[in-house]
Amino acid sequence: MSTATVPVERRLRLPRPRIDWGIAVTTLLLATLVVVDLSLQPALADITQIGLLVQTALPLLFVAAAQTLAVLVRGIDLSVGGVFAVANTMTAVWVGAAGGNHQLLLLAVLVAGLAMGAINGVLIAGLGFQPFIATLGTWTAYGGVALMILPSDGGAVPLVLTSILNGTVAGIPASIVIVAVLLLAWRVLRTSRFGTQIYAVGDDEERARLNGTPVRRVRLLVYALAGLCAAVGGIMLAGATSTGSPTAGDPYILMSLSAVVIGGTSLRGGAGGVGLSVMAAFSLILISDIASAMNLDVWVSVAASALLLLVMVTARALVERRAEGRTP
Amino acid sequence: MTRLRAPRIHLSTVSAFALCAVLFVIATLHASGFASGDNVRQLLVFASFVGFAALGQTLVVLSGGMDLSVPWLMAFGGIQLSHWATGGMPGGAAIALVVLVGALIGVVNGVGVAFLRIPPIIMTLAVGGLVQAYLLSLGLLDSSGKSPVPAAAVSAASDRLGPLPIVAWVWLVVAVAVGLLLSRSAAGRRIYAVGANEEVARLSGIDVARVRLAAYALSGAAAAFAGVILAGYVGNTYLDIGQPYLFASIAAVVVGGASILGGHGTYWGTVAGALTLTVLSAMLPLFHLSDAGLKVVYGVVILLGVWLSQSGGELLARVRRRATISPEPPHSPEVTTSAP
Amino acid sequence: MRLLKVAGLRKSYGAVDVLRGVGLEARGGEIHGLLGENGAGKSTLMKILSGVTRADAGSVTLDGEPLTLGRPTASTAAGVRTVFQELSTLPQLTVAENLLYGAEPTALLGHVRGRRLRDQARELLARFGLERIDVDRRLGTLALGDRQLLEVVKALRETPRVLILDEATSALSAEDSAWVLGQGRRAAEAGAVVLLITHRLAEVRAHAERVTVLRGGDDVLAVPTAEADDDELIAAMLGRRVERLYPRRGGAPAGPLLRVSDLSVGDRVGPLDLTLHEGEVLGIGGLQGQGQRELLMALGGAVPWSGSARLRDAPYAGTSPKRAIADGVTLVPEDRQREGLLLADPVARNLTVGSLPRFTRPGGLIDAAREATAAAAQATQVGVAHDRLGSPVSALSGGNQQKVVLGKALLADPSVLLLHDCTRGVDVGTKAEIFTLIAELADRGVGIVLYSSDLSELANVCDRVLVMAEGRLVGEVPSGELSEEAILRLAVGSVPDRAEVAA
Amino acid sequence: GSGDDSGGAGSGGGSGKRHEIVLSNNYMGNEWRPQMVNVAKFVAGSADYRDKVKLDVRISDATPAAQIQSLQSVIRKKPDAIMIDAASATALNPTLEQACKAGILVFSFDQVVTAPCAYKLPQDYEAQATDAVNWLGTQLKGKGKILMDTGLPGIPLSETYVKVWKKVLAEKYPGIEVVGTFSSQYAPGPELQGVSAQLARNPKIDGILSGAYVASDIKALKQAGRPMVPMTGLDFNGGQKQCATEKLKCFFIGAPAFVSGMAIERIVKVLDGGQQPKQEVYFDTNYVSEAGQIDFPHTQKLETLKAGENYYPDGADSLVTPISFGAHDITAADVLGK
């Protein structure tokens, strides 16, 4: 990248980088992976196929969104695994079993997610727990609750859900629409006053307080929202598999965390965003899709995924360092 | 020179041990067998696995990182060992070599984090993946009829020396050493400084990259060694042998009172954390709970315990009438793109 | 006539009694100076007024009605606006988001209207003649000086009833300080009570109608400024007299110590040559952000630079702070909170972290006893109370934090010392001590490069001042002709579009 | 590493009209799955099949979502058949229904799925569990204190085992008391830890009812200096060796790794137009370490351990026994992928 030496630049008043490098890089990487995947399996170049791929990605996307929220306020949420499982099993057991109004019951599941997130919030913002410990505890506890609801895979998911998930809106697969909705919701949140407060708290709690930010309340709300997102993730998996699983949540903890970091959200809070994590999460899905499409030796494909991960992040690090170099 | 050490670190370590003790007493009251020598020795052995896995983790976390490759390095420690040993290499040599290679793998982590500026979580995750790939390429299943684990590892993990199992002694020695390293050595100071604020550390003339490298290298070695003794104890190896220790290793560090964002904590705290987690998961089955109930209780007890022990620590602090302010770790360059 | 009345305010942190029943009366329409040594309790008092710190006892009334203490929102509602000593602006947010934080223009659904936000921010900046600042920049990427100015702009977003300037000028160059004080005056004319905290007596003399002096958490003097001369004020602050702020220099500069030729940092600074002599105090002047920071950082090995340098007669690499310190070149960086201090760590550890090798035994263990004594000695030298060695440095007052940073650099006993505003926020007494210290060091042959935002410091402490503009050296004021005017003239003359500001 | 790509690849030129079969597996962490995969490769590469079968092996992460995703990329390639060891009995159904619709033959084994369109070769968990508990009950003459393995909470296998064991114990052996449970997680380490922990706390143990590693139980008993007791577990060579040589009372359940090979045979049969029931329960053979222990009520086949036939004195501990079936002669080396 050539740094134009306009007189302004010489005068130490640098123009801010017009492009946000974080977003640029993440998008670029995603795009590349899409191209690779498409060229590897042409059959994928078809809206319904893509819809299916996105559908399998949905749970991760939502958990990643949840994780991002927690990380933005300088926290971390391991309990997404538990919340996910509880929501997933609730959907498969008593929403499915119940005769009556499934939409309403699904709403109840969301509320449960919100509540579980709020508990994290109280522990962290109220009782001053370290986020890692607080959510480690609740993760295990929620996981147990999920096992109580459903001892092992099974249950029946309401048709409403599966049909919605497999349906289309104006020809576009529902799964894609859902992603769009998620991103829209994030945009609304980000551009709200509350959105700014989230970043302020993550940026520097003390200064945020000096500016009259209700730090505790912000934290609490953020974790509640994280719970909500994780719950949606659980519901999505239930929809995609038309069954419940009490252990389905745990693998998403690490995946969501790496999605967040790959997306460029700093674990020290205040920088990044859900949009980035969603893109990164989808990149992860694509990586494993590519790995399995190339149909290599097991160990080769494991290695390949690991290397792809590294390549992505290194590329990002390099580009961003360049970009940084331009700001004083 | 206690006044040179930030008081709250000290306290959190103490209260972590207190928590462990309380749990142990409760368990003993419920089932007297719990305090039996056999059981205590068992617990020490189990705890030492966590303790070693969490050793490097502690250093890495203190320096502001995280090592997710620990479980795979443990698997490496076990499987590679059995590979070399069944291949005819003398046990002792094989163990030394495995630990050495573990350290080298750790260095790879360090290089990625320190020089390529790859976020620790991703770097260590990826390296873990590569190690996993390598182990898969070995074919996993050893075909020799011989015992897959050399006698040295087995006896280290299962034999006794005086009242305690050998591993426990090893662990004790290592803990003392690491404790000294952190609290008394220049290297320790550098680790804390880097974890507290990388930029300040750099401007203070600390070679941040080298500190990081060292931390990850030690982590690799410790994890590999944890794998060795675990394999020795189990008398067998398999790919997932390290999996239970991924979160356990980090949890031990944090329950021990360290900040996950780096800068403060102690290895003795981690030791307490490891013991606490082990005692807890060993005592809960005594209460004849369902698996589900057991998980719930486990989670709740961790929260309750940590909360009580920490507020206990705060109380002590107030008794000492120390001016306490929340030691909010300052911004790292990671987020502050202020000049240059 | 507006009136701010503070009575019997008490505050203690653990064992430390910070405020011991402070009283204060300030009138609207006036600028009221507030003086006191570091740690006297000034900031604490201000934090209480702005609701971010709770008082243990005491009352505050504004125009007779009591001010609810302990809640920032309450104070804000009452019209109290504060420029905090350790800034309150958020580095990750953009300038616009910072300026309008909490007052963002929202559409229905509470959705912030981005364009509107930035327009309002621009208007606000325009109102204060700061158009040059880009409202979309992440605030953290601005120079400390600009961040300081924005802090002021933010406080003046709406016309305040009480305006608190807590060392708002300590990081600023003459003309920016003038600007800030001008703003204070305007607010006063608009009827506000303006509280001005500064360690620059001259500013109080020039701008404040009245002055109150705090010591040890008590108000020990309150007079119209005209009725007390500097010596009385200083005596009140420190409980002793300071015969002269700027020491007389003993020896004169000797042979060359550090010779730098065509040094450049990126494409912004340099190429420039300079020579620092043994025992010389070399000042670096110029308007803010002309590359002085980069120059000092480069010499300290903190940023990559090109060019060549020789220290005495060996080549000097300066490739990393570590190498630099080992070679005897140490830096006191600009931003104490983000570059200088491990805030959560004890004072003693902060003092020694820069020179660990000195306390390391062959085995690699630290000689705790030697470290402790060295730390204590250093604390005495820079005037940090020993009863604070064990407490987190974040618990020290601003000025005392700055002393710790300086002490840390000195402990590495350098042969070249690079000082970036090393007396920022330090009280007169200690300033005098620090200057004496600098003089002593120089007399011992140490070479010192000193950048200061305070012209009088440059004029009175340095042997010679190099003036920078646009990353280059544009001139030199030799020891004979040293004066604030001379420096300012060179500085301003060389940056066309800022000439009028100084006028 | 042994090439997953087409067992037939070794034989270079195939007739080209080979059936494309994809083996979808989701886990390699323990010792059973890798052997299962290796057997599949062996059979696909064996003389009878190398010209009929082209085998791809896909191994996803151990989550339903991951296996679904992997399956989808498989479906896009439209192979002739998918043989699957599933991550979940139910979660994959929608995806597998898609596969069937796409005209792909779906054959599930080991952990089977409930999708109606899929062929199933399940093991009879209930029968295994029932035989095991009955054996132990007989050995203990209906009374004593035992430890019970709860397996891996959340997976169907464990749920069935535990349910059956509790039921049978309550109904037929009220004199037997479960004094402690442990979760073997089907890995040697956790089982050893779990049993050891319980031993330390229970001065008297008369039997161990486990669905996993007998070898770990033996080790635990030895370390605690306790007498050996009757125990049940999976048929791994390691445990069998010890039980046989040291004359311990052991009972071994669990499917052999070659069910994958059996699956291939049946798939080829169907693809060639033959008949195959949608659901064919694989009746496992269980093993007792001594002849004297044979007579008790059991539903599955039962044999005593015979060196070289159903256990291998100098074979690897990790071998799942027996290793060969039908006309094949599979050697330990083949199973262990050497």
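A, B, C and D are the chain letters, set down in written order, and residue numbers restart from 1 in every chain.
Keep this in mind: contacts are C-beta pairs under 8 Å (C-beta built on N, C-alpha and C of every residue); 3 or more make two chains touch, one makes a residue touch a chain.
Note that this is a predicted model, so its numbers are computed, not measured.
Novice: Count the touching C-beta pairs: is A-C or B-C ahead?
Specialist: Higher contact count goes to B-C.
Novice: Report the inter-chain centroid distance for chain C and chain D in whole angstrom, where each centroid is the mean of the CA atoms.
Specialist: From the centre of chain C to the centre of chain D is 72 Å.
Novice: Just the number, please: Cα centre separation of chain B and chain C in whole Å.
Specialist: Computed value for the inter-centroid distance: 43 Å.
Novice: Using mean C-alpha positions as chain centres, tell me how far chain A is from chain D in Å, no decimals.
Specialist: Centres of chain A and chain D (C-alpha means) sit 36 Å apart.
Novice: Multi-chain contacts in chain A: which residues touch at least two other chains?
Specialist: In chain A, the residues touching two or more other chains are 147, 151, 203-204, 270-271, 297-300, 327-328.
Novice: Can you list every residue of chain D that touches 2 or more other chains, as numbers and ranges?
Specialist: 1-2, 28, 153
Novice: What residues in chain B touch two or more of the other chains?
Specialist: Counting only residues that touch two or more other chains, chain B contributes 136-137, 291-292, 295, 328-329, 331, 335, 337, 339-340.
Novice: Looking at the whole structure, which two-chain pairs count as touching?
Specialist: Final set of chain pairs in contact is A-B, A-C, A-D, B-C, B-D.
Novice: Applying the document's contact rule, which stretches of chain D touch chain A when the two form their complex?
Specialist: 1-5, 28, 56-66, 68-70, 72-74, 76-77, 88-94, 153-156, 158-159
Novice: Quick check on the complex: what are the chain C residues that touch chain B?
Specialist: 13-16, 91-92, 138, 140-143, 265, 293-294, 297, 300, 302-303, 320-322, 324-326, 331, 333, 335, 337-346, 348-349, 353-357, 359-360, 364-366, 368-369, 371-372, 375, 389-392, 394-395, 408, 412
Novice: So in the complex, which bits of chain B are touching chain D?
Specialist: 31, 33-34, 36, 38-39, 42, 46, 136-145, 147-148, 158, 230, 233-236, 238-241, 243-244, 282, 285-286, 288, 291-292, 295
Novice: Quick check on the complex: what are the chain C residues that touch chain A?
Specialist: 52, 72-73, 76, 84, 87-93, 97, 101-102, 104, 106, 109-112, 114, 132, 134, 136-138, 141, 143, 266-268, 289-291, 294, 470-471
Novice: Mind pulling up the chain A residues that touch chain C in the complex?
Specialist: Residues of chain A touching chain C: 3, 5, 9-13, 15-16, 188, 191-196, 199-200, 202-204, 207-213, 270-271, 325, 327-328.
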